[in-house]
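Quick heads-up: structures coming right below.
In what follows, chain A forms one complex with chain B and a second complex with chain C.
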Partner chain A sequence: MTGALLRKIAWHWRHDEKRELWIGWWTLVVFYNLYGLLFFAVARTQPPPQPSLGHAEIVEWFAARHHGLIYGYAVVFIVGGATAIMNATLAYTMRRMSVSRAFAYSYLVIYALATLPGMLIMGVACTVGAMRPDRDPELMSWLYDFAFLSFEGTMGVFLIGSLVWMLAVLLDENRVFPKWFAYLNLCNALTEVVVAPAWIFKSGAFAWDGTIAWWINMVVFVTYTAVFLTLLRRLILREDFGTGPLPDLAR
Partner chain B sequence: MRRADGETLLLWTLPVVAAIWLAAFLLFPGFVSPMSPTMSAEEVAAFYRDPENLPRIRYSMILFNWFAVGLIPILALLVLQIRRMAHRTPIFSYALIACAAGGPTVFLMANLFWLTAAFRPTRDPQMTLLFNDLAWMTFSSQVGFLIAQSVILALAIHLDRQERPVFARWVAHFNLVVAALLLPAAFAGAALTGPFAWDGLLTFWVRNIAIGLWIVVMAVVLRRAIERQRAEDEAVAA
Partner chain C sequence: MTSTASPQPRFVPGQPDMWAFVLFEAFVFTAYFTVYVISRARDLEVFLASQAQLDLSVGALNTLMLLTSSWSVARCVQAAREGSFAAATTNACLTILFALGFLVSKVVEWATKIAQGFTFTTDEFFSYYFFLTGIHFLHVLIGLLVLAVAVRELRDPARRSQELVETCATYWHTVDFLWVMIFALLYVMR
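For the complex of A and B:
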């Protein structure tokens, strides 16, 4: 079984014209699964805790997941750079469209920056919090706020990034993605708008753990990710390495 | 005579920038024998308050603040070499551009924490300890973009299937070895002593020597690739 799989991979590595695209696609699939596992099951920083915890409760929060934070985020730090190849692959979808290369380049640079607030800053803050459980509780509370606000509250990169992709899909004449995907990009962009009150409210629907700022955001993001992974796979299957409209998926 | 395109000039900025990095590294009193994570808040505060140390901390970190982004032109030259490879898509060159944006930003964050700690060393020692921890942890554990850079180069070189590939196969293998040597540093938060601690053998010495070696080796092979490209271009023009 393993042997057959390895032989299959070796064949694609040697002969598949689309191997660069498949490397990108598999990196996306493996990364998003690992990312979910690390944040939800290992570090247990998602779903997020309440912003209103007192200092003593925050110290307890760090203590309760000490190893999870340290080892979970260590793995995040190792694989974090994989986002470069993922964003390069998504930027390629825009390069394949009939639109200007400016769209692909904008998306690439915006999402390269997104890696910092999207996970690395939170990882450093959580690691520093976990490494010294006896740190002044007031500073532990600052690390806690810094971690969750940087993660939940950095909106612009995802907002503008999604809008760039939306515009590219709408303008494209090469049939790279169906037009309805543009509106899903708009949905993802709008969740970044409604998350803004997380900077103001410490409890309720608008707080960083609230129904609006977190739950709706997460449902839309997971749907969006699952959809673009499916569409990207179909795109790779349809890819003819030309510059004109893509053919339909062969039956 | 071909027109000067400035690539040689960019390449020769590297020895200058590398000399400045080395000087800044030696100037910072916390690097040559790396500061221990076991130091208490009072000891860390005393390190920043020491009149011998304080100017050296500031000047070395100001140098790093100026020159940390100095590697980006070299990465840009590597991007151009990837574009000459026999690939079907620009995915690898795009990915290296993404790494070039991410890596120095992470280092600059560490730099800001060090400089902020040194700005008011009389602050509450707990605050100085926090800035010092944030600086060291960001500096030590953030190996993701460096690992990605090496893996992307290795993949790109492996898939460059033409008669005379841009880089030799061994450069790909070398990059994978470097990526493996950088990996343990991600666990810097796991221990205050031993090889994984931020002053430990793996996290400090192996990681930093691997980065230094990568810069030297990649600069040499990059120079050769650019020279070969020139010779080929001139042969075509003649």
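For the complex of A and C:
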């Protein structure tokens, strides 16, 4: 069984003309799964804790996940570079469309920026807090707020990124993605706007751990991610490396 | 052999893709409304006291404007189907006028509330009030762009696409439908 799988992978590695695209797609799938595992199960920084915690509770929060934060973010920093392959694969979808290259370039730049506050800065802040748990509680609170506000700060990037992808899909004549995916992008973009109140509230539905600012958004984002991974897989299967409309998927 | 195939029957007006958006948005707003209703049930007295600060007649006027805009966009679609593109364009422009009227009245209402001391952070009810009306306001702004696309389609004989006009109208009806729900929850349900 394992041998057959390895032979299959080896064959694709040598002969599949879509090898690079599949590497990009699998990187996306593995990364998103790993991201979920590391943030939700290992570091346990998601779902986010309450913004209203006091100094003592924040110190406890760091202490309770000391090893998870240190080991979890060590792995995050190792795999963080994979975002370059992921972003390139997503930008490829726009390069395959009949639209200006500006769409793919702006998407690449904006998502490269998102990695910084959404993953790396947050990771550094959480690790700094976990590394020396005997620090002044006020400093620990500072790191806590900084980490989660940094994570929230990516929302504007996702907003513009979703709108760029939406516009590209709507204008595209190569049928790279169905038009409903453009509207799903709009839906995702609108839920990113809803995160803005997280900068104002420390509790309730609009705080950074709130039902509206986090939970509903997360459901939409997970749906959106599952949809674009599925559509991307179909795109690779349909890819003919031409410049015109993509053929339908062979049944 | 001659072909006798008739055109494919259409199941929904406009692009079926836009109906996917209607479905997504209906799910998301249902979630927002559910959260609002639960929060309201938990703190009914505060919600009722703050709700009393809203002017029901302003909400009713907003609703009237948007329902009238739904009527004019429906007339636009009907006229376009009949090939009366001048009438369709007039109705699309009327819809834009109603939308602008709605936006102005909303801004005036917000300014009045803020001047009276009711802001986004005053209490939970006003947080929901500014949030729900704000996110809807954003949908109306997008709707203005959508209606502008419809007008452009109707004015240019080389570009006219009945499907696109109907797609724009579907978006607009969704915006109206969402407002009716918001009006019922924020202004009427006491």
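Please note the rule applied: the second predicted complex is superposed on the first by the 250 of 251 C-alpha atoms of A that agree within 3 Å, B and C clash if a C-alpha of one lies under 4 Å from a C-alpha of the other, contacts with A are read in each partner's own complex, and residues count from 1 in each chain.
FYI, a contact is a pair of C-beta atoms (placed from the backbone, for glycine too) under 8 Å apart; a residue touches a chain by one contact, two chains touch by 3 or more.
Just so it is clear, the model here is predicted, and its values are computed rather than measured.
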(request) Report for A:I9: first if it touches chain B alone, second if chain C alone, otherwise both or neither. (result) neither
(message) Contact-wise, after the overlay, does A:Y183 reach chain B, chain C, both or neither (first, second, both, neither)?
(response) second
(message) Between chain B and chain C, which one contacts more residues of chain A in the superposed model?
(response) B
(message) Going by the contact rule set out at the top, does A:F77 touch chain B (first), chain C (second), both, or neither?
(response) first
(request) Using the touch definition from the top, say if A:I160 reaches chain B (first), chain C (second), both or neither. (result) neither
(message) Between chain B and chain C, whom does A:L34 touch in the aligned arrangement: first, second, both, or neither?
(response) neither
(request) Kindly classify A:L231 by the partners it touches after superposition: chain B alone (first), chain C alone (second), both, or neither? (result) neither
(request) Applying the touch criterion given at the start, work out whether A:A88 contacts chain B, chain C, both or neither, answering first, second, both or neither. (result) first
(message) Can you tell me which positions in chain A touch chain C when the two form their complex?
(response) 178-180, 182-184, 186-187, 190-191, 193-194, 197, 200-201, 204-206, 211-212, 216, 219-220
(request) Spell out the part of chain A that touches chain B in their complex, as residue ranges. (result) 17-21, 23-24, 69-71, 73-85, 87-89, 91-92, 95, 104, 108-109, 111-113, 115-116, 120-121, 123-125, 127-128, 130-132, 135-136, 139, 142-143, 241
(request) Provide the residue numbers of chain B that touch chain A in the complex, in ascending order. (result) 37, 87-92, 94-99, 101-102, 105-106, 109, 126-127, 129-130, 133-134, 137-138, 141-149, 151-152, 155, 159, 183, 186-190, 192
(request) Provide the residue numbers of chain C that touch chain A in the complex, in ascending order. (result) 15-18, 20-21, 24-25, 28, 31-32, 35, 39, 120-121, 124, 127-128, 131, 135, 138-139, 142
